[in-house]
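Down below are the structures I want you to see.
One chain, chain A, appears in both complexes that follow, with chain B as partner in the first and chain C in the second.
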Partner chain A sequence: MTGQAALTPHGATPGAAPAPRIAAPTDWRGEAMRRRIARRYAAERRFRLMGLAAVLLSAGFLAFLLVTMVGNGARGFTRTQIALPIDFQRSAILIDPALLTGGNAEQALAGANLPAVIDKAAETAFGENGARMISPAAQTAVRKAIIADPAILTGTATITVPASEGIDVAAKGQGSAANEAAVARLQQAGALSTGLNLRFLTASDGTDPTLVGIWGALKGSLLTMAVTLALSFPVGVFAALYLEEYAPRNRWTDLIEVSINNLAAVPSIIFGLLGLAIFLNLMHLPRSAPLVGGMTLALMTMPVIVIAGRNAIKAVPPSIRDAALGIGASPVQVVFHHVLPLALPGILTGTIIGMARALGETAPLLMIGMRAFVASPPHGVMDPASVLPVQIFLWSDEVGHGFIEKTSAAIIVLLAFLLTMNSIAIYLRNKFEKKW
Partner chain B sequence: MADMQHIPNVKMSAQGVNVLYGEKQAIRDVSIEVDLENVTALIGPSGCGKSTFLRTLNRMNDTVSGARVEGRITLDGDDIYGADMDVVQLRARVGMVFQKPNPFPKSIYENVAYGPRIHGLAHGKADLDEIVEKSLRRAGLWDEVKDRLHESGTALSGGQQQRLCIGRAIAVEPEVILMDEPCSALDPIATARIEELILDLRGNYAIVIVTHNMQQAARVSQHTAFFHLGRLVEQGPTTEIFTNPREERTKDYITGRYG
Partner chain C sequence: MSGTMTLFVVVALGAIGWIVARARATRMQAEAGRLATNSLPSQHGWYVALWTALPALVFLAVWANVTPALVLDSVLQAPAAQALPADGFTRSAILGEARAIASGAQAAAFNPQSMTLVEPFRDAARHYGGMGALLAVILAFAGGAYALSRVRPAFTARRRIEKLVMWLLLGASLIAIVTTAGIVGSLLFESMRFFSMVNPLDFLTGLKWSPQSAAMGYGNEDAFGAVPLFWGTIFIGAIIAMVVAIPLGLMSAVYLTQYARPQVRKWMKPTLEVLAGVPTVVYGYFAALTVAPALRSFAAAVGIPGASSESALAAGLVMGVMIIPFVSSMADDSIAAVPQAMRDGSLAMGATTSETIRRVLIPAALPGVVGGVLLAVSRAIGETMIVVMAAGLAANLTLNPFASVTTVTTQMVQLLTGDQEFDSAKTLAAFALGLVLFVVTLLLNIVALRVVKKYREAYE
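== the complex of A and B ==
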């Protein structure tokens, strides 16, 4: 190889000498340089402080929100109770004790005139206004007590029953003068106590605040979100994949891109009108149903997922696609083996944002009739249902004092739902991120 | 590989190839033949179109929007841009090592196993393990990674990543291997290992290598093509090109006097 002897380093262009520099050498230790360094440090400190202040401010807002909500709402989870002595012997409930041991004790007791018995007992114990101190929910408590121990029917028993709305609110410090006086009397008699209101987590909407619960709305929200996710996630992801990986770049895809971006910014109430026009008026789907609510919210969530998905897919380096194509992976394999797994964390982030927005949405659901009074939890996506934000909206509109704390309690449930949903999504996201 | 002898020596042939990126012509009327006996080296100054031409041979330019390839390129006599050519299988048959190392963000094992798996080349786990080991050994990486096959391929050093990519490319047993500056990030020992591999593969595989290292071109190739400004200026036996180039530009370039 004689040619190798002639090899010389590149770039030695002969005859082009660089122009000589006239400027004095930089004074790296001079006063001006020191001032510049000091300014740089100050700028960095300022930047850090500003960032810290921003974080503290948002943390402060969040803490304020949580403290006020929990402070108000916690009372929605407790109830005032009254120890009510009932003389079953004198009240003459006509019931065969044998019936109470079987499986249909509830039915047997429904036939007995318990409300009248309770009212009578309350009047006997606490005077002529006694019946108004007791919540209609007392029935359930008494029924349970009898089933637990049928022997009490032959004598007198003291049963702890929930107090009425008036007494409950007064006991929590916001009642009318008459009720405050009643509470004072009850307290003196030692009949008043505070207990956990489990009914709030198991019951549905109602007219008496001591009877209402959040379960119906919670289940409605769960079903609605499930429908939204099932529709918007696959459609959004496939739309994003198609637009990024397959669609040719031309005027039509530009138009679609602009439309989707605009769709994400459309006010939610308009989606509600769209849902009303298409799903209810055109397709005749049932009103107030989680199915229709979920479909309407999916319309709203999908563009968010498409935009986030496209950005996540775009962020996958082209060299990875080249690598896969270069060893003979088909376009579908490239997408499903490489692009999608790498883009999934970003797609999930978009999904969290879209779903969180959908969960808190009220306006479009009002349009499709989800503001109806629904007193029993839905059994499926076709049953009429309420959702958490609408329930909050409805309760906040009630005049009764008892509903104020129920509203706050419902907000706590909504926030807890949101946190749970986001935690699951973040867990999934981190799981997929770790895989690589 | 015994039946390889029956295949005509010319593996790939390009005739009158033009490549355009939009309006800009990157390759102008290039004709070249690649065979099994001789390793082909593509040399030339930066930006002269070596990578572009290499990418026409496995149709990777299809993925560049606005890129257009004209002319005729054949693999075993079949037009690779023809209607009945399956581009996915073509890329498995014509493997490529890219200029920048691009391992998948998966484990070292998965990087190498991926190709054989999607083409159904392995029969069972043990078979796949064997393919992975053999490929990594040939790429000169096995000893460094055999104890951490399940760590991420992206956590390797630049030179190790490049060898991983070489291992990944040869794991699917392609018929032609295109290497775009495979040694630009490697130390002399790893470079020597790759050059050994190339000499080892020669005869069974058709190999095209782009390099900026004249000594390397002289060491590993038997056929050299000099590109300049998108044109194939001169090609011929490597010894000819290096000792007795016909063109002034070739001589200037290989002696380092290129301006």
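== the complex of A and C ==
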């Protein structure tokens, strides 16, 4: 009411209405007004706090996610080791020491019945459950020790070998009661130590959590990304150049633009169906191969590169083109000698972001059968391979605490890669960004 | 000569052609004078290089597709092939094995008869491989010689090269259309096969989803009712996720654009965008490992019946968090597009900042926000890994967010990962689901973009 009254002009024309009602000026210091203002300011503060809470909640969730992953995953990079005394002299080892000096040492040891020797030694040292405390990966450690110093075969040697999943998890504080007790006993004997799990960075998928490694999946990811980049980058850049620089305004160009914009919004799993129907069922390419995965992801990444590329090309001022045309360059020379080099940083930024997205992508790869158990790193783009995100998905399905930390550790590796790629993109953008 | 070797030789010949032609054109230019020559020496070089390499490469590609049949033909002429059994299956098994051994892909034979055919296979492969390599090299020389003979001052090498470049650029942009056509074509084709087994009406309106029973031979009726899947998808992607993402995303955008100091904004905006960059498999793992068990124990403590360890709520909550930066950046854009005069006017009338935001900015930006939300929904319902890992497989029609529901994408993964024959209704159902998903996301995107565009025009 006060607002309306205040709007009434003071000097109203005489005779228009009975004596104009002159409102008292708003009493800003009055009790009612003060309360009203206090209420409005409180609402203002509440709203502001809600906004702050929304930001903090979102950021907090991110922090919680990262802390959980790092907390679980950091343990995946370490392993528990047991100092295992092996009496080779009295063991059932089947080996001719003469063979160890040649180049065939590995081969000779492969047939030397090492697992039985290790089990026996563990049972002698740690009681009848001893064999179950040692990881299957112990073989490799013992083999390495023998090759390094064949002389130990003539006596007793104490070799540090990785502990089994149960002991490993118990030593990290989350095992069963029986294993906890075993760990306590081992600790008393002074046989337990913690070491860096190098195997996790060099091995491939396996059946036992102490055996698995990330290298196979990482190599698969790198090969897949190489195929994706080799296909989507030239095609994306060329398409962006055509649409931005040469395309006539007609129905066909519109169709191309509409399909590129739609492809950018199509759910990734649909690209997996396309890959399955075309690459596998129609063209009979091998399942699980980085080539097929790379081609599928390339189709997905291409629109991202086209859209980023067009924006970068649009940002190159027309005066550059006019100047080049003016001194006699042909339209192709204008674009390839002048526009493209100037737009390249922007295109590269978009490409890296698109590649980071492709690196984290899982669903389309599941569709084209990239979920097989692959125990050795791929040698080429036609070999069966796994990729990092799919490896994470496969491990997340495994029961057992040993795999939880491995899954989180793999996630840390994946996130580290993505973070690096995004940082490079941001660095490129900041370094080469030009205001014309 | 192996295939890679031939490829290498052809490319090398192209490079030599480039050097020779460029040298010749340079000399020619020096003799005739710069203004009398049409093209630059390097353009002549490219012309010759392309004429050398391209026809030979095209020939090699064709040859690689033709030779297997020719090799097989000549192997069947060999005396050892007369002993092959007439039975088609064993026959092709033996031939395939012999081919694998001959090419070195396999070390030993299961069927001793294969060994007799290895030599003929090797011979034939060598014969045709050598022939192909020879023809390719001849073609390369012929093409190069022809192009080299055309290096003259008046020859328009530049125009020809540029024409090829234009075709290349056009071809690259057509790949987008080809991909779209490939998606639509393969989805339609496989869905048609599915709908020839299952009535489309049953698929779209049926309430019971149990493809397993169809696979076990109980018939296709009543097994492919996709409504529970649609409901699960909408429940998780369009309801729970949006309940999380819309308020958080909108309020974050409002706070960061209207209240936060520039320094805070500079750091918080990229931080929130990291949420969109985390791979979905990580979110899925997080939802399954941390969020879902916590929610289940919460539900058990409160006494909600039907609580499952794979709840709709866990998947929806995490998906909502993933969508926050998406909603936030769309809201940011649309609020920034509201003319400054409207904001200034409201503030000048004495409204507080929050009153201006609530009564002026957000109503004015609403169409843009709605468009952004539609885009976010389309992204959420197409999201796969979070729901595959956290939402479960039971096709329930339920309103209980603590119960397990399944979604379209979950079922697509479920139907297609496994080793079943490709022609069963069970596998083809994945393509029908894919078609529905494709159409729905497409419609959402079209509507959203139209809303946003119309609204942008209103202020321009």
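The criterion applied here is as follows: the second predicted complex is superposed on the first by the 348 of 436 C-alpha atoms of A that agree within 3 Å, B and C clash if a C-alpha of one lies under 4 Å from a C-alpha of the other, contacts with A are read in each partner's own complex, and residues count from 1 in each chain.
One rule holds in what follows: a contact is a pair of C-beta atoms (placed from the backbone, for glycine too) under 8 Å apart; a residue touches a chain by one contact, two chains touch by 3 or more.
Remember, predicted model here, so these are calculated numbers, not experimental data.
Enquirer: Between chain B (first) and chain C (second), which, if any, makes contact with A:Ala356: first, second, both or neither?
Expert: second
Enquirer: After superposition on the shared chain, which partner residues are touched by A:Arg321: those of chain B (first), chain C (second), both, or neither?
Expert: First partner only.
Enquirer: Using the touch definition from the top, say if A:Ile270 reaches chain B (first), chain C (second), both or neither.
Expert: The second partner, chain C, only.
Enquirer: State whether A:Leu299 touches chain B only (first), chain C only (second), both chains, or neither.
Expert: In the superposed model, A:Leu299 contacts chain C only, not chain B.
Enquirer: Considering only touches as defined above, state whether A:Leu201 meets chain B (first), chain C (second), both or neither.
Expert: A:Leu201 sits against neither chain B nor chain C.
Enquirer: Between chain B and chain C, whom does A:His338 touch in the aligned arrangement: first, second, both, or neither?
Expert: first
Enquirer: For A:Leu285 in the superposed arrangement: first (chain B), second (chain C), both or neither?
Expert: Neither: A:Leu285 stays clear of chain B and chain C.
Enquirer: Quick check for you: in the superposed arrangement, does A:Met382 touch first (chain B), second (chain C), both or neither?
Expert: neither
Enquirer: Give one of first, second, both or neither to describe whether A:Ala145 is in contact with chain B, with chain C, with both, or with none.
Expert: After superposing on A, A:Ala145 lies clear of both chain B and chain C.
Enquirer: Could you figure out whether chain B or chain C reaches more residues of chain A?
Expert: Residues of chain A touched, chain B against chain C: more for C.
Enquirer: Just which bits of chain A does chain B share with chain C as contact spots?
Expert: 330
Enquirer: In their shared complex, at which residues does chain A touch chain B?
Expert: 1-4, 6-10, 12-13, 249, 317, 319-330, 333, 337-338, 342, 436
Enquirer: So in the complex, which bits of chain B are touching chain A?
Expert: Interface residues on the chain B side: 58, 60, 63, 65, 88-93, 95-96, 98, 100, 102-106, 114-115, 118-119, 152, 154, 165, 168-169, 171-172, 214-215, 218, 239, 242-243, 254-259.
Enquirer: Please output the residues of chain C touching chain A within their complex, sorted ascending.
Expert: Interface residues on chain C, with respect to chain A: 158, 161-162, 165-166, 168-177, 179-180, 182-183, 186-187, 189-190, 247-252, 254-256, 258-260, 268, 270-272, 274-275, 277-286, 288-290, 321, 324-325, 352-355, 357-358, 375, 378-379, 381-385, 388-389, 409, 412-413, 416-417, 422, 430-431, 434, 437-438, 441-442, 445, 449.
Enquirer: Given the complex with chain C, which residues does chain A contribute to the contact?
Expert: For chain A paired with chain C, touching residues are 40-41, 43-44, 46-48, 50-55, 57-59, 61-62, 65, 68-69, 72, 234-239, 241-243, 246-247, 255-256, 259-263, 265-271, 273-274, 276-278, 281, 299, 302-303, 306, 330-332, 336, 356-357, 359-363, 366-367, 369, 371, 389-390, 392-393, 396, 404, 407-408, 411, 414-415, 418, 422, 426.
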